[in-house]
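One chain, chain A, links the two complexes that follow: it is found with chain B in the first and with chain C in the second.
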Partner chain A sequence: MKAQQLNEEIMKIKKNLAISDTGFVFDPSTGDSYTLNPVGLELIQLIKSGQDLPAITTHITGKYDVDAIAFERYYLDFIATLRQMHLIDDNA
Partner chain B sequence: MTTLDKTLTIAVSGINNIDSPGPGIPVIRGLRESDKIRARIIGIAYENLEPGAYMHDHVDKAYKMPYPSDGVESYLERLRYIHSREHIDVLIPNFDSELFTLMKSEKILTEMGIRTFLPTLAQFEERHKANLPDYGRKYGVLVANSETLTSIADLNHIREKMEFPIVVKGKFYDAYIAYDLEQARIYFNRISAKWGLPIVVQEFIRGTEVNVIALGDGRGNTIGAVPMRKQYITDKGKAWGGITLADDTMMELTQKIMHATKWRGGMELELIRTKKDELYLIEINPRLPAWVYLAVAAGQNLPEALVRLALGEAVQPFARYDVGKMFIRYSYDMICELREFEQLSTHGEL
Partner chain C sequence: MTKLAFERPIIQRINAGLPSKYGLPRHIEPLSHIEGVSIRELLSRYGSPLFILSESTIRRTYRDAHRAFSTRYPNVQFAWSYKTNYLNAVCRTFHQEGSWAEVVSGFEYDKAIANGVPPEYILFNGPDKTRDDLQKAIKNQSFIHIDHFDELYEIIALTKELNQKARVAIRVNMDTGIYPQWDRFGFNYENGEAWDALNRIMASTQLELVGLHTHIGTYMMSTEAYKTAAAKLAALAVGLERKHKHHIRYIDIGGGFASRNTLRGAYYPGTDTAPSFDDFAEAITSALMSSELKPETLPMLILETGRALIDDAGYLTGTVLANKRLADGRRATIIDAGVNLLFTSFWYDHDIRPVEATSEQTEDTTIYGPLCMNIDVIRGSILFPLLKKGDHFVIKRVGAYNNTQWLQFITLRPKVVMIDTQGQVHVVRKEEKLETINAQEVVPVHLDKIEW
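Here is the complex of A and B:
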């Protein structure tokens, strides 16, 4: 998926995912669990709150020492990993 | 209705709580934790070293039994002796290999005053690994294609029917994945030497193994069901750890099977979820599995419900269970006195 497309749609995190404040993620439909680092947790929470890529980029580049182009590359990698783990709801 | 006013004597087999454990001790833990029944537990052991016989906080008295394969008469004679001493109210067999003998003898057991809650012979037979393709067609369930082999020569023709890898399974126990004919021959010989013939060869379905424990009331109702995924599997193919799941499709499949077959008793469905999200049934175990205590901990005391069904009580279906409840199996060196081993070895009771 290209950044252009990501700009236009809001990612949907799988609905029944349990995400704790410590970054522990539990998927009750598969029993799989994952650990997010603080930035990963922040990103997931931003995605879950319904923010699109431009809004997330503004938030992250304003808070951390990263430029928009580099962040979008990391963001794409992150989304690809979530999709690989079946944590993105593509049917939503 | 509860039965707390009377201490029930419940005989439980499968107390071989070893690296490939029987369900006996987990079943007993469920019974011990029940607030509806109070039980004196009689452990049925087939070997002198079955740990449950020495676990006195779980098992009040243990008796050795001859294997069912030694003959029905000697089996029933020993059971009559134990019953004469203990007055068994309910018997919970936990080995597949006991079920045939006990189902055939259900009338005799009833006359003796021993109650069980077992599937019917027809239910037991039709869910055999060898009959699974017919079972799938009859009940509209996706199943792995399988063939029953009675000689090693039959393996030579298996390539015409299914592609490698294949799963080579014993009639009751053991399963190995074979990637070529040579491996299949090795596993055929290994399993048949241990468990006899026939051998069942099953199509290998790629995906994630998931399981459901369930209890049917024999009238088509699912009294309880809990889906689980094994998180780690030992070299014996047993769960080291597992976690309860929230999965509507697994629950619907379980209820569909229970409703269609009017299953009576405990059951474990072994399923594979493919990448396309299809659920394939690969095996039905006709009893509560060794991980039954996870269901108890998740809120469904299925051993307690099974005993109450055996007593003819009306049992309401469980409405919920905890999702994300885990179990981690561990080993523990229990210290036993030689005189106890001697007692069980020489007198057959402890």
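Here is the complex of A and C:
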């Protein structure tokens, strides 16, 4: 249930963000630019492709040396940072 | 299949128009080994956090300093400043290299004696020498550096009681062009107080005036100030020769040389701005050699520098406890070493590095110690690699003052190890335990029983 709630929030990421393959992010509504590290870029791409948290966790823990519990902690922190930067569209 | 190393995900706003004054952000290189010894292995074996001392660095730094002065002046002597780091292993390394001892309390005096320093090679400085301390120093023929007139008269009285001469010097404070001027220790040069003290000593048959001492400040970045200090002490020595036909045995220029740590708020890093030993030596010895001191009676030059000799040899390593975000979104990293162990983080932007390899990514991070106190900040703002819980860090140049000014506050102090010149690791101070602290306490009998 918790994972579903998280996933619903994730789906509210701003759709008009321009994201390059190198991790450069441009928000046309504010003019602000951002950089993502490779894991951050991968997460954004997975979220935008519509994957839910269990699927993302399976993907990341299969590829990287991190367990599911530790990953969830960093994932939630990342989402909170996106919200703080107003990159999540709460009105969508 | 081997999995890739996981780095925590981050996103950072790009602030155009605010380029770093040093150009592109500098990658913080990890430091995995000290003198060829793995820091991770040391942490695993001796616990976290952990102070690490490099004996090779102590000896190398001492020899560099000694070379800088002894190639410019015929008679040079170093005296190890006990208050800078009085771990016995550190003191004994300096003593093996030829350093005398410079102490500022009865406790430090006894420590130097216990370390095998001949009492006649101990310089006793400071404003707090008890009657017992002075008696001991007089009997032992140590060099007593007089701080004030009350002490001067107490020494005269004691020498009469003991029927023994005392070997004394005076500490002189002076205007060397730096601010703030240190005038709380010793006798002032400009207002004539230093001359009054010298005349009083010369009038006493019980006191043998052996030297002149000054210590102009701490973390001094200006070599010119030392030039002024040396010239003023030389002028006093020349005055003593003229008026009293008395030749002093030494001029003690004190310490205070800046180390390569970066002061908080400094524009340039300390590694770029700290004068070298050669710079300090050139300023001091050129002032003495160009003074009116006669070549045949040139006094010994004593140096008491502490910080610049030991800072580079000390490291503090430990473990990341947690990461969190502050209210404004900035990163906060909590490590297991705080200001209780790293007193100097109140003065310096310490050079802190990851132990394990990291990516090029950095985040604006505040590094907090583990104490439940708001003041426990190791670095207020640093572009730092993305360390995770359990990763390790190491802080460079912590050899000066931390092992003497550290606090047993909230938690216990950890082990200190020394890597010897052969790469062997020795515990030179054990970790504290609850019993260590409780052993000093006495609980009144009526508080023995507590009923719940």
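Keep in mind that, in the parts below, the second predicted complex is superposed on the first by the 84 of 92 C-alpha atoms of A that agree within 3 Å, B and C clash if a C-alpha of one lies under 4 Å from a C-alpha of the other, contacts with A are read in each partner's own complex, and residues count from 1 in each chain.
Criterion: contacts are C-beta pairs under 8 Å (C-beta built on N, C-alpha and C of every residue); 3 or more make two chains touch, one makes a residue touch a chain.
Everything numeric in this text was worked out from a predicted model, so none of it was measured.
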| item | value |
| --- | --- |
| Fit or clash between chain C and chain B when superposed on chain A | fit |
| Partner chain(s) touched by A:Asp89 [first = chain B, second = chain C, both, neither] | neither |
| More chain A residues in contact - chain B or chain C | C |
| Chain B versus chain C as contact partner of A:Gly40, first or second or both or neither | second |
| First (chain B), second (chain C), both or neither touched by A:Ala18 | first |
| Closest approach of chain C to chain B (Cα atoms, Å) | 6 |
| On chain A, the residue positions that both chain B and chain C contact, one per complex | none |
| Chain C - residues contacting chain A, complex | 3-14, 16, 323, 325, 329, 359, 361, 386, 388-389 |
| Of chain A, residues touching chain C in the complex | 25, 32-40, 42-43, 60, 62-66, 70-71, 74-75, 77-78, 80-82, 84-85, 87 |
| Residues of chain A touching chain B in the complex | 16, 18, 26, 28-31 |
| Contacting residues of chain B [partner chain A, same complex] | 208, 228-229, 231, 242-247, 323-324 |
